[in-house]
């Protein structure tokens, strides 16, 4: 078990132009209810003064914020976050039998829009059937890392794990979707986490899988692009549908967008 | 607004044979946390004495129960339920703007495993774009009722709303999935409810859609096979993945299964 | 029956840059074996002098030409074509019973890559079951015209008729795929034709459906963008897979591309 | 190169009951135009005396026969076939460059209903990119054999190669579809052949892939269930859509069906 304390400075900027007035959902704040991190001075604001209406997530970690925008739409989020996460060796953890799963883990054993885990039962049995416990998840993550190519632009909003399994290409969301699908097919609850990531190159919003092992959630990143110790979870969900950093319910054009995560100590 | 009080006697029997010991998830109890019904003397038991481990749902209404089974596996559920539901005219209700949606409704605006609402945006705009408020949902339910044929056996566990939209056939789950997909595509939160249904012929577990209008959930049944006033919700979820009445994580054979809902007064 | 004689001047220019030497398949010549047109002075050449290797189609109308390209790749095709096509009223033609279909029509009753006609049986029965003979095809073409929006960029190389039926958007290939799927689902052989089209705005390669009625093939264009009398068939196939105007088996960049069809008399 | 001469006795029986009069397409005769076999005394007849109308295939090998049926429908086919096929080592053959492919091979480089070869380009490049010539096809067939389980009932009429690649289960048609898809993705023309098969257990109609290498078609069977030397091709096509042994265009019930292939010498 590795313990690591990091103090990170986070800055995210979303600069768009919205044609006609539109509702906007923002999911970009470092999660305040995540026990492994402490958010200091977190502040999100829309430059043009739109009011912000935060609502809780129905389940999991994080919160969502509604606002409205028209014309220039520029959101900034700044925070200092102290991450103190005891990253445990996945391989040493145990799989919880179905009948011992708590209510909060149950929905994550099932397929979702982008994670058609029901279709992978036979493959997962053959490919990972001999590995037990957390080592099974590790073997799955290694498979995903080795078999996929990281190709920006190779997937879109319709791409699910079944597509990625065939095309063997994707970005972080696709790596996470495939790993989540494999885990669920093996009876291991798995959800998706959006996060700020220290030491991610190029810097951007990141997304990884989180699996339920030994009565707790554990993040695992099949892209291996950023260390787990430097992840700052934003929000969790069943798959990418729940955790997009911004959804504009109307037409918008991108001017600029940037994410910066810097270590302070 | 129609008010109606009904006293219903419910009996469900699931009689299976399970090859090797397997975990089982049961979702067959009338929801105790549903304000429009009062469950009296609800009792679920497994004849062979397996222990029952109830867990809460992460969100929505109802609860789940874990157990294990091997060999003969016979579950019985009996309850008396008083339903007092003020069924409001869907057509007279209003659509809540996105930015006013509470946290509990937000996850139900997005696509899910069986409800690929993102693919129906253009069709829904064309077919129902001129109708406002709850009348839009009613028009959608009418469309689903008129365009689909109720054909037992025409769908299976892989069938989603996109398939049903093409095949024009299905059972209650498919009617609900398509209606839910249409509603979400129009920005109206929609979820799925499994329920006992009075006056359903033949008697069976039933499933309907539930939409968020005027700050509350309202059931609507595109099959028109049973009156809303006589529905007894069991559990809610994003779609059929969350609300199956029983999931056996292993091989099993069906001996007998029956549902009886009788009016007592 | 309308008879119409047209003399058309055709010019097509494909100007690309091919990274590394690649095989190229060209299908841009007005069909010489199409009895309703006479090709005069047809000439295709690659500016950079690559040799051309024509091969016959295995079935149907038209021919294919192989060549190779590297660096600048500029193909020109010029021809004068006399079209004398007796366009018959589709509505007055009869459907040939399966068992009377000749060998050349049989493969076109089945689903193909982009025309999953097997999935539309129920819809086609409901929507067009009451219409007989060629009028059924006309009703299908009207439906496709009315229900789809012509939206350039709304489809890609993976889009099939099942997708288009859901999205209700597409370009000429998608209109043809959906009409072909409907026809096949009703037992009417249907294939796809690429064509030069007089009076098409903007000018481009065009594609339409062709159905087997009364022992012959008859073109029908659900987009209604160009008159049948002014179409100059290039090549026929089961769907878009067979009839692409150019396939470069490697990476290439587009410099310019144009099609001009002008009436001479 | 192995040469082998076999004299085989073939008997196929299809015994159905057809509700209302329906057209029927039969594709069960040993191919007379296949140079590696000689059909002696081939005779197909419908017990109830329906007339048979043979039509040529538009391309490839074999022929189709139309008939009609109502009530009891019993077809028998008997033949003696001499097979003299020089089975060449696939590994020693060469891949024909695209631009040298003859017209008869071109349609088989493209995706079809069940063989979505366009989706496998990346996987095929990674998995088989290092193998050259016919050895590439052999490596593909070995992969399909090793990764799939032969599970009767695991696929249906909607199952394509993309589904099989995920589910890792299937029957002979699925093995062939996946191998064909891989070959096409690598630029190797591939089609499907239905065949009678000596030494197949249990006896049934069989289907294998056929690839174009060194200017000719070569059969290869990823199921390894029957020797290539004992195959008697019936008909070829792009995939299963073209080569079903019988298609009844109406409702029918199966009474009995059997295939017997016996060696006479």
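First chain written, first letter: the chains are A, B, C and D, and each begins at residue 1.
Keep in mind that, in the parts below, a residue touches a chain if its C-beta (ideal position, glycine included) is under 8 Å from a C-beta of that chain, and two chains touch if they have at least 3 such contacts.
None of the values given here were measured: they were computed from a predicted structure.
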Intersection of contact partners for chain A and chain D: none
Geometric centre distance via CA averages, chain C-chain A, whole Å: 45
Mean-CA-position distance for chain B and chain A (Å): 29
Junction residues of chain B - those touching two or more other chains: 119
Category of the chain touch graph - line, ring, star, complete, other: ring
Complete list of chain pairs which touch one another: A-B, A-D, B-C, C-D
Contacting residues of chain D [partner chain C, same complex]: 23-25, 53, 55-60, 63-64, 66-68, 97-104, 106-107, 110-113, 116, 118-119, 157-158, 187, 237-238, 241-242, 249
Chain D partner contacts - residues on chain A that touch it in the complex: 119-120, 122-123, 126, 147, 149, 162-163, 165-169
